[in-house]
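After this come two complexes, each holding chain A, first together with chain B and then together with chain C.
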Partner chain A sequence: MDWRRFGFIALIIIVLFGTVIMIGQVKQPPLLIITSMLATTIAVATPLALGALSGVYCERAGVVNIGIEGMMLSSAFFGWLGAIYMFHVFGMDIGISITLGVFFAILTGALMALLHAVLSITFKVDQIIGGTVINILAVGLTGFLNRQLFFGAGSVFGGNVPNSPGVLPTIHIPLTEIFTPVCGVSNACLVNLAAINRVFDQKPIAMGAILLVFFSHYVIFNTRWGLRTRAVGEHPKAADTVGIDVIKMRYANVIIGGMFAGLAGAYFTIESVPSFEPLLTNGRGFISLAAMIFGNWTPIGAWAASLVFGASQALLINMQIFRDVIPPQWSFLQESYIVGLTPYILTMFILTGIIGKTTPPAADGVPYEK
Partner chain B sequence: MTENNIVLEGKNLTKQFPGVLANDNVNFDLRKGEIHALLGENGAGKSTLMNLLYGLYHPDKGEVMVNGNPATINSPNDAIALGIGMVHQHFMLIPVFTVAENVMLGDETTKRGALDRNTVAQKINQISSQYGLSVDPNALVGDLPVGVQQRIEIIKALYREARILILDEPTAVLTPQEAEDLFRIMRDLTARGVSIIFITHKLKEVLAVADRITVMRAGRVINTVNPSETNSALLANMMVGRQVILTVNKQDRKPEEEILRVENFCVQDQRKLDVLHDVSFTVRSGEILGIAGVQGNGQTELSEALTGLRHPSSGKVLIDGVDVTGKTPRALTKAGLAHIPEDRQRHGLVLNYTVADNMALCDYYRPPFSRRGVIQQKALDDNSRKLIASFDVRTPSPFVNAGKLSGGNQQKVIVARELSRENVKLVIANQPTRGLDVGSIEYIHGEIIKMRDRGVAVLLISAELDEIMALSDRIAVMYRGKIVAIVDAKQPTREQLGLWMAGAHAETA
Partner chain C sequence: MQSEKRSNSLARQILQSVMDASLVPFLAILTAVIFGGIIIKIVGGDPILSYRGLIEGSFGSTKALSETAVWATPYIFAGLAVALAFKGGLFNIGAEGQLAVGAVVSSLIGYALPEWLGYDIPAIIHLPLAILFGVLMGGVWAGIVGALKAYTGGHEVINTIMMNYIALNTTSFLLNGVMKDRSPTNVIARTPLIADSARIPPLFEGLRIHWGFIFALLVAFFIWWLLTKTTLGFQIRTVGLNPDAAKYAGINVKRIIILTMVLSGMLAGMAGTIEVTGLNYRHELGFSIGYGFDAIAIALLGKSHPLGVVLASFLFAAMRNGATRMQFLTQMPVDLISMIQAFILLFVAADAIIRYIYRIKSKGERVVLTRGWGG
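Entry: the complex of A and B
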């Protein structure tokens, strides 16, 4: 990961934050804006970071995965459905239902990935087509089941959409409590401390995603598993001649990738909001692919790139909060559909390769034949 | 180990592929501490035999014995466990990995879950000093010259404690000096009890280094001989199955007017780095200028830029006095250029087109092949039948897809198309005989000489030094995108050319 790329990421984030501070400072002090933007950015970047990790595992092993979107969508649905079943049908405890929901989401991701692996590794179907199959299948399957289970006459829940048992709780990191003595009696200090604390108070998947980013980076570049994964993605024949089972490594990594996409799906319906609607992933799987490419197929790089997209979504949210104080010459910022374009425009811009060329694994997308 | 010291033996090995009997009852044995050369043309079954011994293929019939015991080798893992290591013709190295990472891959040393690069580096250093294979364990493989990459392949095998080494066409990518170096290493290894199978199609090398020679042809072992009892001509006859003329017959000929002039030619690659610096030379009619050099020193870029497939960043090209710098391939064809490209399957032919269509690729848009924008099938057919007969292309019919032909016949299709055109003044032939059998090489060399004798200027680019020396009237040597020497072909020795190819400077004669 070169510094030019990190510099570019930092620049965009600063511009996005700066815009919000400039507009919002009449209502809120900058520190509060920065911390709330940061908190939102990290939370919103979660599915993108996990989706990008999904892509990193698959593509480092030499399998192109454009089905991340579909894997996320189906996991979001089945995770949510699982939680509802556990809660309403089997009468389980709320916490257990939600936790099992996350488990179901990961399982769904793994199964969708298994399908992708069978298509692209065993049957050597063009991997772009395999991924497209996953995406189309996910849209159809979740839309159909959503209608049949909840809305159709004689459906399981008889037209009454049951409430999801809820969402994962925020984990409080007790920074405020620890540092309160440092502040003494200064009230401003306490307010700032509380604001900073908000950045770290994230939900479990968001926090887990960050840990998984660094963990994956270590695994891919410093362990036997990572070395072998990269080998089958760079030069599978070379890996084969030293006795590495190329097919097995590819299967395993595609399925691991699917589990990450599954966790990303769980973020939508189990961590962010307790509901499902058709097409709710809304292209985030594709944006995470862009993040993976911009991060040059490295976990940390991909995470940094997803933060850019997270920040642009934080911009959108904050523009709605500060809608009434947007100065007239900036009035286009009131139009949420214009601001909402930011991540997609960034995606296109980044994929043009203006910010330096990225290098995919040499055998990415090439089926292995002995 | 058995009394007769045979460490590896294949008995009655048979392997059938769809349509080809690649190995037919092959018997082969390797003694401890010997270099046993396996000689044969492409498609003779050498690689199949080695892949059977290394576990990449499974024999339909027959068995493999290691140290006198029957062995089942179902995968490279089994082969490695039995002490068999293989250095493949196309290196099995990952360019973006370091030397240490490449060497340890598949047999990693870890410390609390993390790769232990230091221990591996130490072990590599130990092997390098023991066998005289110097290499930096922390260098990225992609940055190293091929000669060093080959050493890494050998270290990889020794790291796994291989006692039997299979070297598949190891000299194909080396300079003569690097090849000498490799032979020294091979002798060092055998002196320490390592046994080597040396696969090649180069007769000279076999005679220089082998203890025994086995010749294969069409999937069968023809004979096993000692080098002292044979010579190049006998071996060639065994390889091809008929009398072969190994030397090129060429009369002296006085070159006439200048046809190709290249002035201060520079070419950059995708990253805007110079791959050709300030290259200047001329070729006159009735002369063959050979460009010698190890692969990857700018020859590909030079031929692409001269044939309109790549734009030069500066400099000039003149054909017969006309400036054709940056012209399209079609314009160059009209100016009298015939091009035999380096990669016949990608740039020379459309593999999914018929032989007849491929033979008209340069002129399809002109009469008689095309009238008022409509292709004249009859003219294409007549043309191809004529060329198939006169260039001896072995094809079932003109309507077979070019991809179905053997390499030699594919090359003949290209040669026929390019050299049969009327207005040819200049031939640029890049690696015209790469990967071809001895018979086809003989034929194509003959055609190139014929063109020269007809007064055509020929630019011959080849990494085979023997080919350059046999055909050229003058020789230019390329090293890192520069021409380091241009001399009369009779002047330098093989060793001198080898030194220039490795970068030693020469005053241009």
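Entry: the complex of A and C
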């Protein structure tokens, strides 16, 4: 692996964490700040990591996917909508409604990806244009249905947006319970243990995303499927010659990628907050593309890059918590519009390749002609 | 007799090529409209009445026509911006951001310049200054991306999108802060009204259509001239078709890439500037949202040809403008238009689908619009 790249990632994360610790230490002990920052970072990086994985599968197979943003947006909408329908219209149990919502989100991602695959693989449309079509279609479709289904004439909801059945619950990892005997009667030890426990208490999609990162890394680099995928993305002609079905591999990987984007969409409306608003993905699909590029088209690298973006978001959130103790010379850190620029500027900086040249799969973006 | 025959056949040839070029876009629009109708039907609406409202609202009266032209004005500029970049082999998704920064700067010049100087300036100086600075700002915004592309290979698609968000954040910061309209009744993020001397006069008394519309048509003609009749235009198109060949032919590819992006950004900046100086007389947060995507659709629908862009702009303007009337008649939400536009774009981009549905033979030429990450 490229240590310069990971060094840079670590450096930025340390700077971001250090800033918050420096400002917040008058109010909270550093360990508490670090753990709460870490917990936020991991949670916020979830859709970015999943989006980046989506990109990795597509592009390793040779299909540029710039439509991740649109796939996320439409899955966020349909997942949320599905949960609402299951709960309010079909009267299902809360837990089942939410779980089905996640399922609908993944399905939506897969369908959008199927459209992308048909456009770019079968019809050989310019893949960047195809992705843009997905993005625009998602904005139009979700905007239209969001208004029509709730406020349109004859809507079953009669003009108001019903409450979503809720969000996925946090999964408690019982670290505190297990290690309490180690602490004995030391109170400080117990407090620290509880703080560390918070990092691991994530919601299912956030947890699943981390597992999926390592799973995908294994799949792409250590399995027959992964080898074939990479072959199709690097040299489709050669792959075809040894009997790999290029078209089928590309279709499959694009659709798998779409399912990852769908899960990312579910994070927004089923795991993070129980509501949908137009354009809620707010560019995170594109940021995950940048994370994918910075991670040099590897799942673990892409995940590390998305943690950087997560950390900059965590900084913003923590500045709100510590806003009464910010020294005047650091008060610009409270300007969410200015600090909010960090991921975007970072993305552009990363794309310059100063921190290490990245190499896309050789046949990325090139339709396969027999 | 002989010459008459020749001019006749020439006219027929031109007509033939225009028909060839517009056949697929026309069928794409038709198919998208049919799709839209089906969707209206599915959600329980009346397609015929909806489309009647759309047409009435956009062409039904002098006022409606004027409003359509008002909508078309920024579309023409923004569409030309994307089209010009396409010709140079670049995909400018950043028209939205370039438009926003252009609008911010031009409204700043519009309201603040007389304050800074302490006296009123004549319109003949003030208005051109307001437009010029807005346009330059758009050019700078896109030029950064062009330079990154030329010197580091950073892909323009992601970078223009990032610049969109940077523009959105920065304008939010300014419009909620130093540039906010301080009048006591104002609660929204917008600038104060620009001075009278920085406003484009209306074309007709009582209608909102202004000279900016005529200007847009002139600029479209200018871009056509630039692309087809000048050395620079030739270089832009050559770099767009094949950068390697352009390099061997002695063209400074890096320079042309930057210049194309700057010109494209200037056109997008012009779209924002013209909205400020000709229509709203201020910049308000959020007005620019959606223009970038519309501009891409317009450029693709117009096949990146300036005349095509003008026509596509009219179509999109008519839909946006007529949507209000449609909503009034049928309670169909305005967002329906975005969806029909997405279908149009889908069918134009994937003309293979249209050719397949209507059994049209391909002429065998493939236009390269963008390139992968390799740069």
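Keep this in mind: the second predicted complex is superposed on the first by the 367 of 370 C-alpha atoms of A that agree within 3 Å, B and C clash if a C-alpha of one lies under 4 Å from a C-alpha of the other, contacts with A are read in each partner's own complex, and residues count from 1 in each chain.
We adopt the following convention: a residue touches a chain if its C-beta (ideal position, glycine included) is under 8 Å from a C-beta of that chain, and two chains touch if they have at least 3 such contacts.
These numbers come from a predicted model, not from an experiment.
**Student:** Have a look at chain B and chain C on chain A after the superposition and call it: clash or fit.
**Tutor:** On the superposed model, which is not a single observed complex, chain B and chain C fit side by side.
**Student:** Figure out whether A:222 sits in contact with chain B (first) or chain C (second), or with both, or with neither.
**Tutor:** first
**Student:** In the overlay, answer first, second, both or neither for which of chain B and chain C A:364 touches.
**Tutor:** second
**Student:** Tell me the angle subtended at the Cα centre of chain A by the Cα centres of chain B and chain C, rounded to the nearest 10 °.
**Tutor:** So the angle at the centre of chain A is 70 degrees.
**Student:** Quick check on the superposed pair: does A:241 touch chain B, chain C, both, or neither? Answer first, second, both or neither.
**Tutor:** Once the two structures are laid over each other on A, A:241 reaches chain B alone.
**Student:** In the superposed arrangement, does A:289 touch chain B (first), chain C (second), both or neither?
**Tutor:** A:289: touches chain C, not chain B.
**Student:** Where does A:231 make contact in the superposed view: on chain B (first), on chain C (second), on both, or on neither?
**Tutor:** first
**Student:** Between chain B (first) and chain C (second), which, if any, makes contact with A:130: first, second, both or neither?
**Tutor:** Once the two structures are laid over each other on A, A:130 reaches chain C alone.
**Student:** After superposition on the shared chain, which partner residues are touched by A:319: those of chain B (first), chain C (second), both, or neither?
**Tutor:** After superposition on chain A, A:319 lies in contact with neither partner.
**Student:** With both structures fitted on chain A, tell me whether chain B or chain C touches more of chain A's residues.
**Tutor:** So, of the two partners, C touches more residues of chain A.
**Student:** Superposed on chain A, how close does chain B come to chain C by Cα atoms? Whole Å, please.
**Tutor:** So the smallest C-alpha to C-alpha spacing between these two chains is 5 Å.
**Student:** Shared contact residues on chain A for chain B and chain C?
**Tutor:** none
**Student:** Within the complex, which stretch of chain A touches chain B?
**Tutor:** 218, 222-224, 227-228, 230-231, 234-235, 237-244, 362, 370
**Student:** Help me check something: in the complex, which residues belonging to chain C touch chain A?
**Tutor:** Listed in rising order, the residues are 43-45, 91, 93, 148, 152-155, 157-159, 161-166, 169-170, 172-173, 176, 289-290, 293, 296-297, 300, 331-333, 335-336, 338-343, 345-346, 349-350, 352-353, 368-374.
**Student:** Which residues of chain A touch chain C in their complex?
**Tutor:** 64, 66, 119, 123-130, 132-133, 135-137, 139-141, 143-144, 146-149, 151-154, 279, 282-283, 286, 289-290, 293, 335, 337-338, 340-341, 344-345, 347-348, 351-354, 360, 364-366
**Student:** Hey, which residues of chain B end up touching chain A in the complex?
**Tutor:** Interface residues on the chain B side: 54, 56, 75-77, 80, 86, 88, 91-97, 101, 104-108, 110, 113-115, 156.
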